[in-house]
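Report on the structure given below.
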Amino acid sequence: MSNTQELEIFTETIDDAVIVRPVGDIDLSGAPALRQQLKQAQETRPGRVVVDLGEVPYMDSSGLATLVEAMQIARKNQGKLIICALQQKVRSIFEIARLDMVFKIVNTRDEAMTL
Amino acid sequence: MSNTQELEIFTETIDDAVIVRPVGDIDLSGAPALRQQLKQAQETRPGRVVVDLGEVPYMDSSGLATLVEAMQIARKNQGKLIICALQQKVRSIFEIARLDMVFKIVNTRDEAMTL
Amino acid sequence: MSSDASQPTVRLEIVSHPSLLAAARALVATIAQRCGFDEIQCGQISLAVDEALCNIIRHGYNCRDDGRILISLSQREAQLPGIEIVIEDDALQVDPDTIRSRDLDDIRPGGLGVHIIREIMDEVSYTRRDRRGMRLTLVKHLHPVAAAHNSESNT
Amino acid sequence: MSSDASQPTVRLEIVSHPSLLAAARALVATIAQRCGFDEIQCGQISLAVDEALCNIIRHGYNCRDDGRILISLSQREAQLPGIEIVIEDDALQVDPDTIRSRDLDDIRPGGLGVHIIREIMDEVSYTRRDRRGMRLTLVKHLHPVAAAHNSESNT
């Protein structure tokens, strides 16, 4: 089925870090793809997983659930999961879900790489 | 009825020119207000009417009809009507309606003031 | 009418109030995007629907703002992928042949809506509904199609 | 239920397919804007509806993608201006009391939807529909309202 609006997900590896950068809305229709990419990115047990949400204008609880799961995998691997570049609207859903204190959230990707 | 989305229209007079700057979508719901403001702006028979569409992301044929009417009034007054700063999407409706050659359309407000 | 409308997906029912046009446009643009149209095309398809709704409000319902309008959107797949939009009202029934665009050389306010609809959409057909009101069926193909009357369109 | 829903304006019917969530959000946000909510609030109201739709798709229809979902939006005026959104499905009927959010201290995937809906909307009520399916009524007021249980909300 053609669907231009589909979430696109870019992955990049720098040293011990994997950067996952979804572009588009993360909802029930896009979350499964993100989940799969995150799982794949974590297969090598990287020391650091950075999720760059700079180009995600919208996220619902399917997206949050996916990130919680990725965080749990990171912990099991004794690695870090860091989220960066949240848009204001997306930040507010982390707050509503009271997950803003649970995740490591920083402003820029540079911070995420050095933290 | 409360309606935040309502088209806002700003009018400014500089020497012999009146600049009308609508902000928002111009459709059947907003066009009557634009029509009224344009009529009012033209009551003093200004030498130049500039319609700045820089902040109009959408226009339908009610908007076009309003501009055609304003142009006819300007002609009757022996004044100029110049349209400036069209967004690409709005330009395309002028083209579809074959009005891009009928109106004087320029890129910037400065050009509109000196033409 | 539509032999290959494969996904009868979305129906929107509104009243004939101009302040609801923006909502209809937002919905149409999102569904068009889902059908694979690019941003410019999505904007044009919602413009075509907007023009059709304006005409229903002005001519069909004579500017009454409580008339019912039903918009059905479906993604067409099969041989000719695209979007099909059916707009139905309970308004005035008119002879479909009287709904036509005017001569564009006569520059005056009004008379552009039907022209815009026909420029944007690939198929435009007005019919009377069974009991009352009109039905407008609009189709736009995702890819240019050789026109039915033997002329090849440029792809 | 709703004594002052004054404008029964818009009804959207979709099937239970995740790819239609974006269309529902676009419509809800535009109508919320028309009711006077600011941009952040419009985004939150469409998030609440999105969460409700996700739950219907996952729990009500068990991820079947051809179930019917009807969303009715009306602007409330009268004493308490705001928006009322009613979401109806033909899916599983459950005891409304079983639809509740979990303890947020237990950090695990899932179990956030109902919490989000309740945080955003001022009134949230699930009922069984007459013959089949559930009905969810969501209300958000434009201005903070003193809560019913004697506590003054801060305006």
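Per-chain residue numbering starts at 1, and chain names A, B, C and D are given in the order in which the chains are listed.
Quick note on the criterion: a residue touches a chain if its C-beta (ideal position, glycine included) is under 8 Å from a C-beta of that chain, and two chains touch if they have at least 3 such contacts.
As the structure is a prediction and not an experimental result, all values here were calculated from the model.
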Least hop count linking chain A to chain D through chains in contact: 1
Chain whose Cα centroid lies at the greatest distance from that of chain D: B
Geometric centre distance via CA averages, chain D-chain B, whole Å: 40
Length of the line joining the C-alpha centres of chain C and chain D, rounded to whole Å: 30
For chain A paired with chain B, centre-to-centre distance based on mean C-alpha positions, whole Å: 45
Sequence positions of chain B contacting 2 or more other chains: 1, 3, 5
Interface hub residues of chain C, defined as touching at least two other chains: 19, 22, 30, 33-34
Touch list for chain D against partner chain C, complex: 9-15, 17, 19-20, 22-23, 26-27, 29-31, 33-34
Complex interface listing, chain C residues touching chain B: 18-19, 21-22, 25, 40, 43-44, 47, 50-51, 54, 57-58, 104, 107-110, 112-113, 115-116, 119-120
Interface residues, chain A side, partner chain D - complex: 1, 3, 5, 25, 27-29, 58, 60-62, 64-66, 68-69, 72, 88-89, 92-93, 96-99, 102
